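Across the two complexes that follow, chain A remains constant while its partner is chain B and subsequently chain C.
Here is the complex of A and B:
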């Protein structure tokens, strides 16, 4: 069989092309970030195996935007979030915050830099020290950085509580006296205490009831507008990500397989994996021929990822080339990047239509799945 | 947009207050607390409570009587007074030995558990080195070599008992350091030292408190054993010394051995009951 045609990349450095015009430095830029964890040594064998939790992710986040990161559990999205904050220093690659490589900072410089980047965790029960009152949790940030007089700190903490919609008289309570949603508000208050530029929300609403989810999401949006925050919003919940994100990155097995603006991604994903993921979204109304794409098998082990495109064993569109050659993240349409040899382009460009019938066949495939809006 | 759900408006229930509430419900623990309180009171106010001074010597081997409630010993000193002064010795040894071992154990255990890696390996091998030493034998050797002053004994017991504390605290640190609130503190820019002391340690203390009460009773027993073998501080009255002196006269004056033995039994039992009670009270999972 002949090799399939290669869609030509429009640029060699899509992560740079993806920046907003006129924006000198994006707030956050990741260049080929990798995080390998040393795996367990096999019995009586000397070779070390590495779990490739994050395997070469490049992207940039603009000031004031919300970048969603979605993927199945174990795809490395949380690890990536922790790498961004250098809570887990990456094995390789660069994290550029405000144009500055975080790896080059001394411990003391990093400590000061931390004021500008904060994290909100998934589990609000584990994220708050059970032995401290809300007031002492919130004033801790000021104490660490020597901000304000000790007497003023409590007033600041009260202002924070008010900002996240909690009652200021609850400042002397302990975390266990609050509900999950209220605790998550406390976590958010702590995250904004130092007036950061970036907040990484790692599954920030996943542990909450659906009704509370909406409240907390709205709070986050309000705070973003009010404080000019930039969010990296990590979640496995596609609806939540759609609600809050300007752009969305889809991760599979430690790699970014698609990065697109939210509307385009949800209207028509480029990567077959994104397509399968989106087809799993429940929707209202009669099923007008929409078929759910059920992927076969489990996600492969990140210790021993498949050759070529990591998704190829489960991909409904795979061809011979996919098992051999690893696709790079390329721009296939303006502002839309995908790491796929055969992206699901609905309108073949002039360049593409010059190529043999493979692409149109591909599009037939796509229509069969009935994901057209 | 803000919505504030009202929270029940009772007294702020600190973790400590909750534990105390649970502790109060346990009869055995309360018994232990009362006996220990009496023991503490006796130790602190020994000179006012003892009917006779340590140097008041009268008739030897007087059986329990209205003048000498618990009799007199071979030298003619009052057994009850000796027990009261002995409580003081036991308290000093127990508390200070526990404090010594806690300081060493908490410091080394926290560092090992928090930093992990080669630091952990090195400190844990050191801990094991101390754990495999035959403790009582070592205590005898050290006291025999360096003299048997009460502070020597305290130091020896403290140095022998820290590995347990270190291991407990290390285990707590290993689980607690992975909790999100520690990550959150780090992402606020908190230093390692502050994370250890301000964030993790307060959460790691419950098993140490339980272990502390057991260590006090262990230290009291060890001091008594040393004194029983004649290695106690000769200048200080101790239950072990009383038992040591009573050995030869057991057939003649049973009260010389029975009453200090009973005091020892009661003190260690009540401390252990408190330890068990605290274990349940501080561990809400059970």
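Here is the complex of A and C:
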């Protein structure tokens, strides 16, 4: 056994208290999800240890909302995304989709369920089969699930292209004939082909140029409204996550360290890691000489995580207790959860006073530069 | 004003491809003063990396500098011989690439790689070179540099590897460092460490830096002056404060507006202002301004005549007919 079996929580989990009143069942609920991979402590050493890629994440996603998941490389956000879709079955814990535990489904039931949850990956170059035309790529899901008559399928594919802002006459083209942004639109079209409820977007706009990224983000927002989609939006880009998410979860070393509504998180993060992450982000606009929090060192290896709070070796606020006791994700203010013994509740915000902000007068610049429309 | 370290005049770099001649760089003029950090910002295909590689004469064989001068310490690098370039590269001009794992040799120890540069360009003995390598690693903030000398690149984290690259770049006390997307592959907290290090070292060493990036945030926190590139040309060139305070070119403005903000109220509909359309094909550019197909302020003149890069404000140049006084 790689680890002790994890008892399912019997008490009311804090996350449940975080659900909106009147929300019957959330579309997605994760209960203490863990994903451990076998790993070695050193090259050629035979003793195996559990690499805790995801280490006990609980959260829920409401219908129609966008939950952002942020964190740096190796924090487990992508693994969590794959666990949600059972592309990687979790080692322990439950993924409840529409109230149903995905682990209890038969293969046939799971196949049917998969129609309701889709994923969009970062790299549209490798996500599309280069030997298939766009039409073939988009109708594949219909063929697999035996939906519609063959003649109807191409019409459906044309409608999908139209929905994602591509020209329907390009249906016989191959992926290499499209630009990166257009290819990501094809991936999105494929994801919505089966009318899903949930889309997990794993760094879906990260490989795109700024101007193309804005176009694809707008497409995702428009489709969400039109089709009533729910998004789990995984990204390392804090700007993009703020723009698209209703709530945001911050991950560090396999754990959720903060979960909050977007506005509160960006205004005043509770966890020192979230604060450092936001502070490290380069601001738009000239240097003002303001100090930013620069964390020392790298993220520790999940093979050998630090004792107590995993963030304590890098934490500017750490105290003795942090090295010993692992903090639980707890509600510290309405709708605001953080896994920290000493959350930044009453401390004045570094963001407010010391940090420069993005310039916020671009709209006015239109007038000033004579570019007013 | 003292003499510029690097002065590029009317640089044109073209590539032969199946689709015809791709004009990647179309008449770039750029000056970098002593101790100055000049940022080159643009999207994929804007020509920013080709400009940098032209300076180092590292363009692939399908490409060629067809016109222009690259003046560096009295030498024209555009016409320098292979031998002359070998003396410049890694010595008087050093380069830092995006992906440190591919620029470091995976089967050589860190110490050997840094020491190699010192032995080649500064003629140090092996023992001297290793000792100096240790000092350099310490200087770029690598903990326990003596022990790291014996490590292989894969044993270091991405941030540490980029520090090794910076140490190698500094080894010969270059006059100019070209940093091509130096933090793009790094996480944001590590990016902050590396940017701080670059600025510190610039003050210490007094070298100039040409910083190439697609990230407007990185540019605004690091550069003194910024050149914005679009379709192979510099479309705007200004001091960093002036550029962000008052972007003059419609492309620069569009780019800034399409970056999601950190502190503004979100728009009700959650839609970002976008630049419509796509980047033009560099093999089939239209007459006139290259941005005409996407510009919200396009006039008949833009479709016929190409605007020159002209000073619209003191020390603020823009390539746009809107600012034609």
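Quick note on the criterion: the second predicted complex is superposed on the first by the 319 of 373 C-alpha atoms of A that agree within 3 Å, B and C clash if a C-alpha of one lies under 4 Å from a C-alpha of the other, contacts with A are read in each partner's own complex, and residues count from 1 in each chain.
Following the convention adopted for this analysis, a residue touches a chain if its C-beta (ideal position, glycine included) is under 8 Å from a C-beta of that chain, and two chains touch if they have at least 3 such contacts.
Treat the numbers as computed from the prediction; the structure is a model and nothing was measured.
Of the two partner chains placed around the shared chain by superposition, chain B is the only one that A:141 touches, whereas chain C remains out of contact. After overlaying the two complexes on the shared chain, residue contacts for A:218 are found with chain B and with chain C alike.
Using the contact criterion defined above for the overlaid structures, shared-chain residue A:32 touches neither chain B nor chain C, since it reaches no partner. Within the superposed three-chain model, A:179 lies in touch with chain B and with chain C [touch as defined at top]. In the superposition on chain A, contact is made by A:209 with chain C only, not with chain B. Of the two partner chains, chain C is the only one that A:292 touches; chain B does not reach it. In the overlay built on the shared chain, the residue A:320 is in contact with neither chain B nor chain C. When both complexes are overlaid on chain A, the residue A:240 reaches chain C alone and has no touch with chain B.
When the two complexes are overlaid on their common chain A, residue A:195 makes contact with neither chain B nor chain C. Common to the chain B and chain C interfaces on chain A are residues 179, 181, 215, 218, 222. Across the interface of their complex, chain A is touched by residues 43-44, 157-160, 187-193, 195-196, 214-218, 220-222, 240-241, 244-248, 250, 253-264, 266, 269-275, 278, 296-297, 322 of chain C. Residues of chain A that touch chain C in their complex: 72-73, 179-181, 209-215, 217-218, 221-222, 236, 238-240, 242-244, 266, 276-278, 280-287, 292, 294-295, 298-299, 357-360, 362, 365-366, 368-371, 373. Residue ranges of chain A in contact with chain B, taken from their complex: 82, 85, 87, 111-112, 114-115, 117-119, 121-123, 126-133, 140-141, 144-145, 162, 164-167, 170, 172-174, 177-179, 181-182, 187, 190, 193-194, 215, 218-219, 222. By the touch rule above, chain B contacts chain A in their complex via residues 1-8, 12-15, 179-181, 183-191, 194, 198-199, 202-203.
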